[in-house]
Amino acid sequence: MEGKVRPLNVLGSSLNQYVLVKVKWNREYRGLLDGYDQHLNLVIKNAEEVVENKSRGTFPIMVIRGDVVVYISPSEAI
Amino acid sequence: MEGKVRPLNVLGSSLNQYVLVKVKWNREYRGLLDGYDQHLNLVIKNAEEVVENKSRGTFPIMVIRGDVVVYISPSEAI
Amino acid sequence: MEGKVRPLNVLGSSLNQYVLVKVKWNREYRGLLDGYDQHLNLVIKNAEEVVENKSRGTFPIMVIRGDVVVYISPSEAI
Amino acid sequence: MEGKVRPLNVLGSSLNQYVLVKVKWNREYRGLLDGYDQHLNLVIKNAEEVVENKSRGTFPIMVIRGDVVVYISPSEAI
Amino acid sequence: MEGKVRPLNVLGSSLNQYVLVKVKWNREYRGLLDGYDQHLNLVIKNAEEVVENKSRGTFPIMVIRGDVVVYISPSEAI
Amino acid sequence: MEGKVRPLNVLGSSLNQYVLVKVKWNREYRGLLDGYDQHLNLVIKNAEEVVENKSRGTFPIMVIRGDVVVYISPSEAI
Amino acid sequence: MEGKVRPLNVLGSSLNQYVLVKVKWNREYRGLLDGYDQHLNLVIKNAEEVVENKSRGTFPIMVIRGDVVVYISPSEAI
């Protein structure tokens, strides 16, 4: 008995969309969701790093380890 | 020998209802429960983020990683 | 070779009884044990939240993630 | 190739004896070992809670989650 | 149902390229990605260690445990 | 392809010898290694507890949970 | 699809060589790599313990639990 909308499916529907990824230690990353796996490891393109509300630069591509993720929010409702 | 009411079933009965999700670091999220999986990863719609009792904005949709959850409380008894 | 009284069986014998659930960060929850699973995820009804010895309100129903639990104590000996 | 005395067997030999259970955050519990499982979840009867060397009361029965345990010491050599 | 670009494949495409590896505790390592496994354990050659923005020296070869990784960023888009 | 000397075998060769067990939070235990399992749970006899370099007493027997161990050092080379 | 050089193979090629093992809490160990397993548990001989850049003595043999390791660096390129 699983929930109506599976969390991984929300990620599948958000591919190539902008997402906000909040990780531990008050850090966040904003960019295009390019991929993910079942551990919630994420691939983000054009990822802007924001630490305590200050931009720290942009990365062409970034693999974020799922274990540090707090939440992922696509910028538009699905 | 499992408990009378299984925790995941409480989530199943709370789909499309408002829930309060308390996570680590004194953060909480309030919104409609749209889905979940066996890791307690959650999909929340219209999620309001509250940090130390102050609202920090609303997200159309949010995937919260189960590993950061402290508790989930549906707003109404089931 | 398992111990005489299995921990999950203590929970099974405590269903519909009041329990004290101590979690990390000096928080505790008191209410009726309504269910559990093998991860020690718990379902508590009429759960009063107590943080550093102050009551913070009551929740009709609450799913506590097992991973944050320190101990569970039924209010009466079994 | 396992060690001569298996840790779980020490617990098996300590059933119905007084044990000291040291957990994280400088807390300890003293009482009769009534059961355990392979995760080191423990059932303790007449458990006295001691926090930073001060007694905080006694619980008729307590299930301690194995994941918070530092060590378990039976009060008598086996 | 897995994401379009799998995180491990991004690492596979980055072999022999310079990568930035951010780990916990505000540390980072910059060097050539020489290998990895499914736990995100990494092999980095000519790894420069940077702690709180100060260089701490260079290591000919380094195995970083996946469990401490926050993100990995190849220096060029793929 | 495993390493020449397996870590568990070092423990097997150290049975009935004095070992130093360093655990998290600057604590250590010194005593006779009486057993272990594959999780690095340890059985130590005549265990002296040392916290921040001060002796805190001796325990006839102690089961230390592997998850809190930093390292184990037999007092003599093998 | 695994990375060109597997992390465990780097350890295999470093047997009997001097390695630097950085663990959490700003501690490190330097000595001969004598063995390892798939959890990155390590056997180090003649291990010098260095805490915040100060030597704290040498151990004839030491088993370091993989879970506390940040990185392992053989002293020479392979």
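Letters A, B, C, D, E, F and G mark the chains as written, and numbering starts fresh at 1 in each.
The criterion applied here is as follows: a contact is a pair of C-beta atoms (placed from the backbone, for glycine too) under 8 Å apart; a residue touches a chain by one contact, two chains touch by 3 or more.
Note that the coordinates shown come from a computational prediction; the quantities given were computed from them, not determined experimentally.
Between chain F and chain G the CA-based rotation angle works out to 50°, given as a multiple of 5. Here the spacing of chain A and chain E, counted between their Cα centres, is 18 Å. The centroid of the Cα atoms in chain C and the matching centroid in chain F are 33 Å apart. Centre to centre, using the average C-alpha position, chain C and chain G are separated by 41 Å. Residues of chain E found to touch two or more other chains are 8-9, 11, 67. Here the chains link up into one ring; start at chain E, go to chain G, and the full order comes out as E, G, F, D, C, B, A. Those residues of chain G lying in contact with chain E across their complex are 1-11, 20, 40, 66-67, 69-78. The touching residues of chain E, counted against chain G in their complex, run 8-9, 11-12, 15-16, 23, 27, 29, 33-38, 41-43, 45, 47, 59-65, 67-68.
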